[in-house]
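Note that chain A is present in both complexes that follow, paired respectively with chain B and with chain C.
And now, the complex of A and B:
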């Protein structure tokens, strides 16, 4: 109940923020902009549209996480609105989970709106058969944003908005290369190699959420992949939020 | 403020549990302490030192102290916003380490801040639900309380457009919406105009009537004097004194003022010079005695020299003067000029 109330309030905060509306409009414009660019793609116009559209969902979602998510808790502390919440019968872990759920919900809406815009464009171009692939790719992009939001909540609970944006972006970038990092680890001396392997294990395994290349060709992924990605997102986010809750529990609000 | 006051629904406590509840203090702290360590220098700053305090159920206690004395630190420790370095505390019998301790608590922080994107109705509904009310109940109470604190005319106005005084009223409504058994208010009169202060005073008195325990800090001592059963004075993080307002005031020296006319050339005789001070005004002369032990002797002396006595008035020290005396380490003494202007 408490978690749902905080989630609803956070969702309301995010969706009433002009940033979100601006980002959605920019995303839709990007998807539309793929049309005049299609002829330049030398017969790969369909691929360009899907690839750029799905990249737009991830990119603009990340932008919202960086602009809104990384100040989610820090702003509440700075503006002291957190006093009104935590002086009520609300546990600090419930507060953090509520914040995460609320922003994740807003990001799912963004992913949904942009995914729908992309699908409508494909339908208009007679490529309705690509719908399931686009739907799956948008779903995985939503999961990716959910994981990154958990990291943003962790850093926001412990640091300033600027620093938490930098940390979140750092984890996102390294997370995108986590497979390469694990591969590189085999080619380095043992000490450095094991360090890289640890880093690859700690950062989120974001390539698991990337099926843009498949979707660009209209191919769907397996249910096993979707299930695995879902379980991974839930477990990784749970671990990150657990860490955030442990650190947040002893924090003073002066 | 309008008169549509939400009435208490009554509290369902019975038998042994009721007796236990009544005998448990509303607030109890044992050795409660808070210190802060600077992350770089390692220097430790003490915010509160071993506070032992009990607030009895149903009483209104004023928590007084100069800026930086530790008032807000104490209130934040009690409400879970700060974690104690040492010691323990209980609210209505529940340890402050438990979330349940805040179930029957209403808290107004100093200079409350709110979500600017919400309107007052939305905020109060959320506050009520977070304190355990159902959605329908929270909606009804939010509407009533908005009217009660004079904000009912434009419930859809977003909080970004609220003035400081309006936000303070909203904060009070949010603290009272769920009819808490314990109310903790940090500077509730702060930022309010005289009408707002009167309204807050009325609200606190109303809460006292319905049996709510109130602990509040304030710098506006005349209000504290009117509202409080007891006051606790904290200085430099240490509890200095806890007493009823009456005991504090009765314990102070009671000066006596004699207002006369027709005494302009009269000099105070040497044997009275240590206890009597003279203040000349255009149409009268006042004599201020440190206490009433030599009142008869002074009156006789004045009458003997043809003075016309207009009034003899005992001068009770106000809470403000007693507080200043305690805080400043000086003897409480009413200011003659302040008395005259009052």
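And now, the complex of A and C:
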């Protein structure tokens, strides 16, 4: 109940933020901008539209996480509103989970709006059959943003907004390379290889959420892929929120 | 006793940490399954619809070399992946073309790309075009001239001795040309088509190249030449593109 209440307030606060509106507009403009670029792609304009549109969902979602998510907790501490909240019978883990759910909800809305804009553009170009692929790719992008939001909440509970943004961005970049790191780990000397393997295990394995190459051809992925990605996003976010809760419990606000 | 002494806050912290550890192990297992069973995203193939490296260059916002480095990592990975599986290198030339346009002085990219295209991809035309593009961008590179001579000398399907000799001689005249260039130029002039020369060229790569894939390629070629020499049919190694099955069956 408490979690739902905090989530609703966080969602409302995030959706009223001008940053979110600006980012959605920029995302729609990017999707539209693929049209004048299409002739340059030598017959591959459709791929360009889908690929850039889906990249836009991930990129602009990440931007919202960095601009809004990383100051979620810090802002409340700075404004001292957190004292009012935590003096009530609200547990700290519930507070963090509520924050995460609220912002994740706002990001799902963004992913949905941009996905819809992309699909409408494809329909206008006579490519409505690509809808399922775009829907799946947007769903996976939403899951990716949910995981990154959990990381932003963790860092936001531990550090300043600027450092939180840098840490989140760092994890995002290394997370995108996690499968490459696993691959490279086999080719390096044992010590370095083991370190790389550990890094690849710790960072979020974001390639799981990437089906842009498939969607660019209008191909859908398997149910196994979607299921695995969903379970992974829930489990990994749970792990990160567990760490965030432990860290937040140890913080002294006196 | 210990549990009784824990404060509620410490208790909650321990529960949260325990939960995080448990879920962390679960996430790790899922990630391992995913990396084994899900199709890999192919960013390299996503590059293939860019018209050329020149058009891509402005999009790198002044970081063309860095993007070329990333493309190089992807290209090596792409080669490794396909050389282990289907031996199909459909986008290899395009990728090396983009990467060398972003970084025209990236000599190892010309060398590796050309040999991979010629020896494994059966695309000598593209291999030659890539190397000539390198020579044009780096006219004073003795290393590149030497490698082009080498490429002509070991051309699958038939050596191009005149061109090989020409580029070995050119490498010998340039300051950073390998010291062996003059020797190979002489070999080519005197012993046209001698397998021992090809073997010596590949041995040099096998012993001195920093590139693991090139070393493996050289070792494969050296084994092939030795087999051809043992059977007394040198033309089998020279024309291996059309006769690999014959070579394979005779030696097993």
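The criterion applied here is as follows: the second predicted complex is superposed on the first by the 253 of 254 C-alpha atoms of A that agree within 3 Å, B and C clash if a C-alpha of one lies under 4 Å from a C-alpha of the other, contacts with A are read in each partner's own complex, and residues count from 1 in each chain.
Keep this in mind: contacts are C-beta pairs under 8 Å (C-beta built on N, C-alpha and C of every residue); 3 or more make two chains touch, one makes a residue touch a chain.
Predicted, not measured: the structure shown is a model, and the values here were computed from it.
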Inset, instruction - Could you tell me if A:83 is touching chain B, chain C, both of them or neither one (first, second, both, neither)? - result: first
Legend entry - Which superposed partner A:5 touches (first chain B, second chain C, both, neither): first
Inset, instruction - Give one of first, second, both or neither to describe whether A:120 is in contact with chain B, with chain C, with both, or with none. - result: neither
Inset, instruction - Check whether A:198 is in contact with chain B, with chain C, with both or with neither, and answer first, second, both or neither. - result: neither
Inset, instruction - Name the contact category of A:211: first (chain B only), second (chain C only), both, or neither. - result: second
Inset, instruction - Determine, under the contact definition given at the top, whether A:37 touches first (chain B), second (chain C), both, or neither. - result: neither
Inset, instruction - Answer with first, second, both or neither: which of chain B and chain C does A:250 touch in the superposed model? - result: both
Legend entry - Contacts of A:239 with chain B and chain C, given as first, second, both or neither: second
Inset, instruction - Compare chain B and chain C by how many residues of chain A each one touches, and report the one with more. - result: C
Legend entry - Partner chain(s) touched by A:17 [first = chain B, second = chain C, both, neither]: first
Inset, instruction - Show which residues of chain A both chain B and chain C reach, each in its own complex. - result: 91, 250
Inset, instruction - Give every residue of chain C touching chain A within the complex, in rising order. - result: 9, 12-14, 16-17, 19-21, 23-24, 26-28, 30-31, 33-35, 37-43, 45-46, 49-51, 55, 73, 77, 212
Legend entry - Complex interface listing, chain A residues touching chain B: 1-2, 5-6, 9, 12-13, 16-17, 79-81, 83-91, 250-254
Inset, instruction - Can you check the complex and tell me which residues of chain B touch chain A? - result: 36, 76, 79-83, 99-100, 102-103, 105, 107, 109, 111-115, 117-118, 122, 126-127, 129-132, 171, 174
Legend entry - chain C-touching residues of chain A, taken from the complex the two chains share: 40-42, 44, 47-48, 51, 91-93, 178-180, 182-183, 187, 201, 205, 207-208, 210-214, 216, 224-225, 228-229, 231-232, 235-236, 238-243, 245-246, 249-250
